[in-house]
Amino acid sequence: ACSDEAEPAPGSDKVTYVTAFGAVGRDAFAWVAREKGYFAAAKLDVTIQLGAATSENLRVLAAGQAQFIHNDLVGSWILAGKGEYTDIRAIAASHQQTLVSIVALEGGSVKTAKDLEGRKVGAATGSVNQLLFPAYAKRVGIDASKVLWVNTQPANLPTLLASGQVDALSTFLIGAKGIEKAAGGRKTVVLPYGDQLKDLFGNGLITTAAIARDKPDLARRFRDAMLKALEYTIDHPEEAAQILKKAQPAADVTAAVGEITLMTPYVRATGIPIGSLDQARVARAITTLEEGGLIKPGLKPEAVVDFGLVPK
Amino acid sequence: MKSFALPVAGAVVAIAVWWAATAVLGVRPFFLPSPPDIVAAFLAQPGYLLREAWATLTATVIGFLVAAVGGVLLAVVLTLAQSVSRATLPLLVALNSVPKVALAPLLVLWLGFGAAPKVVLVVLICFFPVVVASAAGLGSTPAELGELGRSLSASRWQQYAKIRLPWALPQVFVGLKIAISLAVIGAVVAEINQPNHGLGAVVVLSGMSFDTPLAFAAIALLALLSVGLFYAVAGLERLLLPWAKAITG
Amino acid sequence: MIGLSGVSRRFGAVEALAGIDLEVGESEFLAVIGRSGCGKSTLLRIIAGLLEPSAGTVVVDGRPVRRPRRDVALVFQRPALLPWRTVLGNVLLPVEILGLPSASSRKHALELLDSAGLGDVHGRLPHELSGGMQQRVALCRALVQRPRVLLMDEPFSALDALTRAELADRLQELHMGLRATTVFVTHSIQEAVLLADRVAVLTPRPGRIRKILDVDIPRPRSFGHNAHLIEVSRCVAELHDLLL
Amino acid sequence: MKSFALPVAGAVVAIAVWWAATAVLGVRPFFLPSPPDIVAAFLAQPGYLLREAWATLTATVIGFLVAAVGGVLLAVVLTLAQSVSRATLPLLVALNSVPKVALAPLLVLWLGFGAAPKVVLVVLICFFPVVVASAAGLGSTPAELGELGRSLSASRWQQYAKIRLPWALPQVFVGLKIAISLAVIGAVVAEINQPNHGLGAVVVLSGMSFDTPLAFAAIALLALLSVGLFYAVAGLERLLLPWAKAITG
Amino acid sequence: MIGLSGVSRRFGAVEALAGIDLEVGESEFLAVIGRSGCGKSTLLRIIAGLLEPSAGTVVVDGRPVRRPRRDVALVFQRPALLPWRTVLGNVLLPVEILGLPSASSRKHALELLDSAGLGDVHGRLPHELSGGMQQRVALCRALVQRPRVLLMDEPFSALDALTRAELADRLQELHMGLRATTVFVTHSIQEAVLLADRVAVLTPRPGRIRKILDVDIPRPRSFGHNAHLIEVSRCVAELHDLLL
C-alpha cells in the first residue's frame, strides 16, 4: 500500500494520505483514484496509509506525517471547537450526512429509538457516536441518561450485538451488512442519527491550514482526483471493491460492495455537487454541536473549512 | 536513608529533563504536557484518580498472584515430565504469541463486563515469563544436590519441595519481576479495551476528550504503581532469599 | 550385605571401572583406596544406586539395586549442603524426607553435631562455615538416618589430623554401635588401616580390584599412643606398595 | 525423529479438540472458524500472507537483536555500578510500565509510517525481560568464581568477559526466550496500530471486513512464527551451553 | 616478602583470627596447620588481598596489600573451575587475564598438566573429572602464572597418598626452581614437615599463632624411603602435640 503501482508522472508532488479507518468500502475511492490514474493525471504521487481513528488521524496530520486525511468531520470539528487541532481545514465532504446510527437486530428489544431507555448500547470508546447521542435523544424525546453505554473497540461491536451482550450499537450505518453477517444473517434495524440531526456531515477530506493557504493548487488537484474517484466508486461498487481487494488483500469484496451501496445516497445528494460543503450548513452543524454542549460557542465555519477550496 | 536518595535523585533528574524539554522546545500540552500540568490535573480530582488506581491495582495483584502460583505449578509439571514439556510447550508458546490486545475483546465476550476479563488478561500476560523462568530455575539444580535428593529416596514431591524449588526461587523471582510489570500492562490493556474502570480507562477517556494532562496524570500513577509493585516483589525476594545473595559475589 | 559381580562403568570413551567383583559382609567395614581418578567415587555411586553400571550386577541385602535405598546413606565427596538451610536444618533433611520421628531425631542430630565439634554453629548457614566444618555437617547428615549401609566418599579429606583422629574414633564407636555395613573411600592409607576390617585397593584407569587386604588388628585401634605400631606399619607399607 | 513426534502430537490433539468443538457446538465461522476454514483462507492467498509474515518476521528479528544486545549491555552496566542501578532501575521499571498500545501511536508521530516505529516498539517491549534476567544472571556468579577473578587481578571487563557473562548465559537465555515471544507481540501491536504491513495488519483489516477465517489464518501464522522463533532461541541455547545442562541434574 | 602485624578478622560475632604477627621471608616455604575452622583459609585470603582484615596490616613485597596482586597466586580450598572451559582452558585462564605470552604459556600449561598426571584429559570439561583431578587442575592453574608468591589452601586434600607424594616432590622441585615465597595450608602434619622450612601452628577459634616451628631437615626430603625418619618423627610428634 505504500508505493504507487501506477507510475507517477515525473515532477509529481509527493503527498501522504491517510484513510479514515483501515481499508474498507468507504475508503475504497483512494485506491480507485490511484488505479484509474487520477492521481497521476493530477501530477500527484500519493502514498496511501491506513488510518486508525479520528483523533489519531488528526494527530498524524498535525505532526506533519501526512498532508491529507479522510476523517469524520463532526468528530474533527468537535476537537477543533475544544481548541485542539485548530489548524485543520476541510476541503470536501464525502458524506453529506452523518452515517452515525443506532443499529439493532430485528426481533430484538430495540425497534425504535423510544426503546433505548434502560438498554445497553455498545459504542467505540469515547466515539463521536456517544458524544452526539444526547442531541439525538433530545430530538426523539428520550432521556439520554437512561441509556447504558458499553465502551469497546470498533472491531468488537458486531460480536457484542450478535452475542446478545448489548441490545443495540451506535455505529456507522454502513457497517450494518457486516453486523448481519456476524449475526448469522439476521436483519438489522437501522436508526440513523441523520434523520434527526440533518445538518451534520459524515466523512470529509481534511488538510492543514498551511497547505490550504500556501498550496491551494495542490489541495485542489488532490480534491478533484479524489472526488472523481468517489463518483466512480459509487457508480461501480463491484469494480471499486475489486480494486480495493487488489491493493489490500485483507479486504472483503462483499463487505466493501455492501458499504459502498449503503453509503451511496449519502454521497450523492440532489442539487449539489459531490463533495459539497455549504457554508450555511456548516454553520448550522456547528450550532448543533454547540447546542449539544459538545463545543463552546464561537467556532467559526472558516476556522474548520476552507471555503475557497470546497467544490463548487 | 541512603537507599532512597539515589532512586529519588534519578526520578528528579528525569523529571527535570522532561520539564526542560517541554519548556525549551515549547511542546504543546496535548502532545506532551509539562510536569506542573500533570500535577495540576492530578490535584483537580485526586479522589477519582486514586479510586481508579485502586481498581487497576486490585485486578493486577489478583491476576499476578494467580499467574505466579499457576506458573510455578506448570513449570513443575513441565520439568517433571520431559514428554509433557515436549508436547505442550510449543502450544504454550503459540498461545502466548496471540497478542493480548486481540484477546481482550474476546474475553469481554466470554466473561462479561466485570473485573473477570481484566484479571484473566493479567493472568494470561504474566503467565509465560513465570513459567519460562521457573522451569529454567527448576532445571538448574546442581548435579550434586539432585543426587543428594535421589540418594535419600526422596519422592518427586519432596525433591521439589525441599531441594529443587528452593534452589529455583531466585530464578522464579526473575520471572515474577518481569511478570509484575506485564501484569500492570495487562490490566491496562483490558481497561483500554473496556474502559469502565481503572487507570487505563482514564487514559482512554481523557484521550478522547483531549485532556492530555489528565491522561498523563493517569500514566504517571500507572508508572508509580508499577514501580511500587516491582519493588514489592524485589523486597519480598530480599526477605526470602538472603542466602542467594550470600553465596554470590 | 553388598555384592558386586562383574561391574563395569564407562563414561563415553573413558572406562572408569572394569570387572569389579566385591562382597561386603553384614556390619563389615571396608575401606577402598586407589589413585585419584581410578573410579572410587563411581563405585560408591553405583552401590548407592545413583549410577547404573554399564555391565554387571549390584546386590544390596539380597536385592538387586535399581534405585537408591532408604537404608543406605551416602556421604558425598563434596559436602552438597543446601545453602538456604542452617547447619541443623541440613542435618535434619534426611529426617524430613525419610519421615523419621522428629523430636528424637532432632536430639540425635544435635548430639551428632556436638560430637563433630559443631554444637555451637548449628544455627549458621553453610556459607559461613569453613571447608572442614561443611564436610563434618555432611557426615552428620548421613549418620542421622542410622543407615544399615553407610557409604562414605573421603569424608575426612578436608579435616586436620586431629579432628580426623577424633572423628575416626567416634566413627569406630558408632560403627560398633550401629553395626552398619560401611564402605569407606579414603586417600589416606593410615586411615584405611585404622578403621577398616578389610581394605580394597583399586588399580588406576580402569579401576579394577588389585587386592583386598585383611587388617587383623584388634579394636579399638588408634594412632594417638603408638599402639599396634608394627602391624599398622606392615599394613601401611603393603598398601603403599600396592598403590604403585 | 522422536524429538519432533511429541510436539507434533500435541499440536494435532489441540487442533482436533478445536475442530471437534466448532463442529459439535456448531460455532459460526464468524466467531470461531474451524481449522479447514482457516486453511482455506490461507490457501486463497498464500503469497499475500507469506509476504506479510515476512514483514512481521524481519521487524521482530531486528528489534529482538537490538534489544538482546542492548539489554545485556545495560544489565552489565547495572550490575557494574550499584549506584547506577539504584538511580535508574526505577525509571526503567516506570518506562516499561507504559502500555505499549498507548505508545504505538506516538511512535508513528515521531518516526513516520515506515518500519522504524515497529522495530522501536519491538525493542521497547522486549528490552526489560532481557535486562532483568541478565542482571540476575550477572549477579549470580558463585562467590568462589568471583574470588577467582579478583585473585587474578582481572579487570572489570575481563571479569565480565571471562567469568560473569559466561556464567550468566543460561539466565540471559531465560530473558531472551521471554523476549522473543514479546517481540512478536510488539510487532503485532505496532501493526495493529498502523496496519499497512504485517500479519497484525491482516488481523485488523480482515476483522474490519468481518473475514474471521482470514484473521485466524494470520493469527495461526503468527503462532507458527512465534513458535519457530522461540525454538530457534532455545536451539541456540542448546548449541552454546552444553555445559549448563551437564552440571545440573 | 610477606609481613602481617596485628591482623584480626571477625565475621559478625565470630572472631576468626586474632592478633596474627607473621613474617615470611623471600623464597621461604611456610606451612600453616591448625584445627578445622581455626582461620587458615581466612588468613590466606587476607594475604591474597581478597578479604580485608578487621584490624592490623598486611605487607607483601614492601607494600601494603589493598587488593590482589598480579604476582601472587592462590590455590583455593575448592577447585573453583569454570564449568564451560576445558581443563586446558581453565589452566590458561590466568594466562589470558594477565596477558602472559600465549604460545610459551600453552606449552608450560601442558607440561604442568602432564606432570600432574592430567596430560591426557586436557580437552575434557571439569564435570567429567574426579574430585582429585579437579584439584590438580586448580593447582596447575596457579602454577602456570609463575607467581612470586604462592598461596595454597589444602591443595592435596582430595589426593591419594601416592599422587600426593608425587606432587609434593614436584612442588619441591618447582619451589626450588621458581623460588616463590610459599604459604601452604595443610591438614597433614607429615606434609607440612616434608615440604616446609617453617610450620606455623594456629590455635582454634580465634586463630592465633601458637608456635612457629623450624624444620631443619635437609632437602630434598621424602617419605618414600625412610630417610630422615628421626627428625621427621620428632617434628611430627611436636606438631601433633601443638595442635591439641
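Letters are used for the chains, namely A, B, C, D and E, taken in the order the chains are written, and counting of residues starts over at 1 for each.
Note that a contact is a pair of C-beta atoms (placed from the backbone, for glycine too) under 8 Å apart; a residue touches a chain by one contact, two chains touch by 3 or more.
Because the structure is a prediction, the values reported are computed rather than measured.
Undergrad: Determine the shortest chain-contact distance, in steps, between chain A and chain E.
TA: Shortest path length, in steps: 2.
Undergrad: How many links in the shortest chain of touching chains run from chain D to chain E?
TA: The least step count works out to 1.
Undergrad: State the pair with the higher C-beta contact count; candidates are A-D and B-C.
TA: The comparison resolves to A-D.
Undergrad: Expressed in ° and rounded to a multiple of 5, what is the rotation angle of the C-alpha superposition of chain B on chain D?
TA: About 180 degrees of rotation relates the two copies.
Undergrad: Round to the nearest whole Å and give the separation of the Cα centres of chain A and chain D.
TA: 37
Undergrad: In whole angstrom, how far does the Cα centroid of chain B sit from the Cα centroid of chain C?
TA: Whole-Å distance between the two chain centres: 49.
Undergrad: Mind checking the centre-to-centre distance between chain A and chain B? Centres are C-alpha means, answer in whole Å.
TA: The mean C-alpha positions of chain A and chain B differ by 39 Å.
Undergrad: What is the distance in Å between the mean C-alpha positions of chain B and chain D?
TA: 16
Undergrad: Listing for chain C: what residues touch at least two other chains?
TA: If we look for residues of chain C contacting two or more partner chains, we find 78, 127.
Undergrad: Of all residues in chain A, which are in touch with two or more distinct other chains?
TA: Residues 155, 159, 163.
Undergrad: In chain D, what residues contact two or more other chains?
TA: 109, 143, 147, 244, 247
Undergrad: Going by the touch rule stated at the top, which chains touch which?
TA: Touch list across chains, by label: A-B, A-D, B-C, B-D, C-E, D-E.
Undergrad: How about chain B: which of its residues touch chain D in the complex?
TA: Contacts found on chain B: 3, 6-7, 9-11, 13-14, 31, 83, 86-91, 93-102, 128-129, 132-133, 136, 139-143, 146-147, 170-171, 173-175, 177-178, 181, 184-185, 188-189, 192, 200, 203, 219, 222-227, 230-231, 244, 246-249.
Undergrad: Taking the complex as given, what residues does chain C use to touch chain B?
TA: 45, 48-50, 67-70, 72-74, 76, 78, 80, 82-84, 93-94, 96-98, 125, 127, 145
Undergrad: Using the touch rule from the top, collect the residues of chain C that touch chain E in their complex.
TA: That would be residues 11, 14, 33-37, 40-41, 77-78, 117, 128-133, 136, 154, 157-164, 187-189, 240, 243-244 of chain C.
Undergrad: Using the touch rule from the top, collect the residues of chain D that touch chain A in their complex.
TA: The touching residues are 28, 30-31, 45, 48, 105, 108-110, 112-113, 193-197, 201-202, 204-211, 214.
Undergrad: Going by the contact rule set out above, which residues of chain B touch chain C in the complex?
TA: Listed in rising order, the residues are 144-145, 147-154, 158, 162-163, 166-167, 241, 243-244, 246-247.
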